[in-house]
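Labels run A, B, C and D following the written order; every chain starts at residue 1.
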């Protein structure tokens, strides 16, 4: 039984990654401490309202990171986790790597947004290696981020270029973390995942039942949409 | 067989605690990082040559601690581990308690000098509680200091007021640390202790054989006196 | 945790602390002790508390006053017995308070572990001593260690020197002691400071406690005591 | 360890590093990487090294140059594969270098443990992943942890901003990264700085690495690279 018809069709088209970044920015509570993973999640910063009071953490040792640095503001001693030059905001603080990951592992970050190869309905995450023999394994801070933040969100396209779902019953790629993801933001819709299985929260340019069909899921009933 | 006759009679009288502090100060290598325990060991600081380059650590979060503060220099935010107001020297650094004890436990201090109730021939230390029922147990940093420094020296009178030796075959008081002491400085003489047993290094106002007799020890041969 | 709140009074800062809470209290002796927060906690009335602090009170002020007000069920500390710990001594000898003695470095490291998400750690301190009783022993690389577990607080009450409006903190000299560690180890961290400045006024390189660890801040007039009395 | 020595050249600073040493190398990408010390190490000639660093070299400078000079037997790092890690990639694919991938936070915490005298610790990171293989698993308070052991270096080569004549260090912005942790975890810590000042010139409240962790210091002219090349 699918009761996904209660999920809201929140947009009449599949979202671009920029539009999706705006959706995620909207869902991050004001005043949160947030880590935005390398790649697409970085875009979310551009959509946070100026008065959101959201404080960005970068795992290479900083709180209250500002936007990307341009031109003369580029300082090789000040980068984000993707090694991109960034800026500092008033009230910033620097700390070393052990302190930075203690902050993360200790559960002090409210939200972390990561990219993914695959997310399982129960919240398992695969985002660090394809496991292919020619793929040099490189984990960085992904496993620490996956288990550290109070809420781990994933931002990704819902399907691979060849049309395979990336939200899956069980990850086939090597895991980054077990049951760690709570929500998945995709171009086709937003999902809650976890021990109770997958629930469709809202959809973009597609009905919930059709989306459920494409994913081969029987979503659990949506109770109260936030 | 005792070969303690090779130990040097280094003074013609039993040393006062001040004289003993001077002896210990003499033995601390220049440039060492040193923690001086609460009580008598604090006196050692007064005997370190100005050019010794010895840096004092206090476990409540400071390196390069200066002498006791007097009058207007007293700052309630700046004390040593005995809660006595002290001063800071140029090149001081402050850190929190976890960092301070990491420094100690990690083996970065060269020398620590502690008082003791008893030291065993094999280097066991008892200096935190008599174990009597009316004695409120209080360990402070004693156990951390005992296992932390590269060399743990003890500074104490050799006999209790009632004449019992405090350098003993086996501690009868509750232990602070196992096999942790390397040298014992007393009013009657200096001893190396450790896995190879006790050796008399030098004596004050008493011959080595007589001293050995009073302690009931058969010291191992003294090889090379430093 | 979301942004730190700057409150108007020490009473507002300690509001809501429940009976039976575990409260981490900063300070080494009297240096760094959050006197205003403790006095407010006495007025607030929470009882049956477990207090984690280096000492068990000095003289009649701060933690000693909280103990004297009969609000504390148990003390975890490294060094209860001092020249001026008469309040604790009397309660302890009368069997009115529970005591768990923890070596000072373990107290700090166990709180750090709580703040850093470490499940437990092997520590060489206290091996072979009475304080090793009941602890798991393990040999690693030829050295013997004890397994030590985190100490987590429901609340931390600490003193710092200056806060900025975001909640970043700096301390003064050896009054820093346990504050930065306790701030990481409690669900709710409450700080008294001598001054609050605008965000951007503290050197980002010199912040000791980043704002993420701070929940409530109150500015108070500095009160200092030495172990021998008020000054 | 006794007082830090200020030496005249990067070559003097790295003198005596033996073949087969484990060398902790600071930096996150190129920020904080001790370029002058690495170049001197290449000239010095030590080989068969085990390198512990966050990355495995960027472009053709720093760590990448050391790898290209065929001095490294094994790399322990969190993130070898980057847009500009061609030197490592080629060596790895040719089977000419060993790789141990360690999650970034574990890399930092395991070095901290080495510096702090912790025998091992239970860490929640990597549970249930391929990187958990062979590690001891333990459940504590309902959560699953892996047992992680310290990573100790024979040498640490790090970059800092300013040193005082005693050896106290401060860093600059996110170039701080692994430097302070590595300084605690190595038998001999060698630091390149942009400036040496007299003891007393650094704010004691703002010292990040206390002098006790520093053995040799050399002042160099700042050289910076970004990941995309020199600038």
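What we mean here is this: contacts are C-beta pairs under 8 Å (C-beta built on N, C-alpha and C of every residue); 3 or more make two chains touch, one makes a residue touch a chain.
Here the structure is a predicted model, which means the values were calculated and not measured.
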Contact-richer chain pair [A-C vs B-C]: B-C
Inter-centroid spacing, chain D versus chain B (mean Cα positions, whole Å): 36
Chain centre separation in whole Å, for chain C relative to chain B (CA means): 30
Length of the line joining the C-alpha centres of chain C and chain D, rounded to whole Å: 33
Chain D residues counted as touching two or more neighbouring chains: 109, 112, 116-118, 123-124, 171-173, 204-205, 208
Chain B residues counted as touching two or more neighbouring chains: 88, 94-95, 101-102, 104-105, 148
Pairs of chains, among all present, that meet the touch criterion: A-C, A-D, B-C, B-D, C-D
Complex interface listing, chain A residues touching chain D: 58-62, 74-79, 83, 85, 88, 94-98, 100-102, 104-105, 124, 131, 134-144, 147-148, 174-178
For the chain C and chain B complex, residues of the former touching the latter: 28-32, 54, 58, 78-82, 88-89, 92-93, 99, 101-109, 111-112, 123-131, 171-181, 208, 224-227, 231
Chain D residues within the chain C interface of the complex: 109, 113, 116-124, 138, 140-141, 143, 145, 149, 170-173, 203-206, 208
Touching residues on chain A, where the partner in the complex is chain C: 29-33, 53, 55, 57, 63-64, 88, 90-95, 101-110, 148
Contacting residues of chain D [partner chain B, same complex]: 1-3, 112, 114-118, 164-166, 168, 184, 198-200, 202, 204-205, 207, 210-213
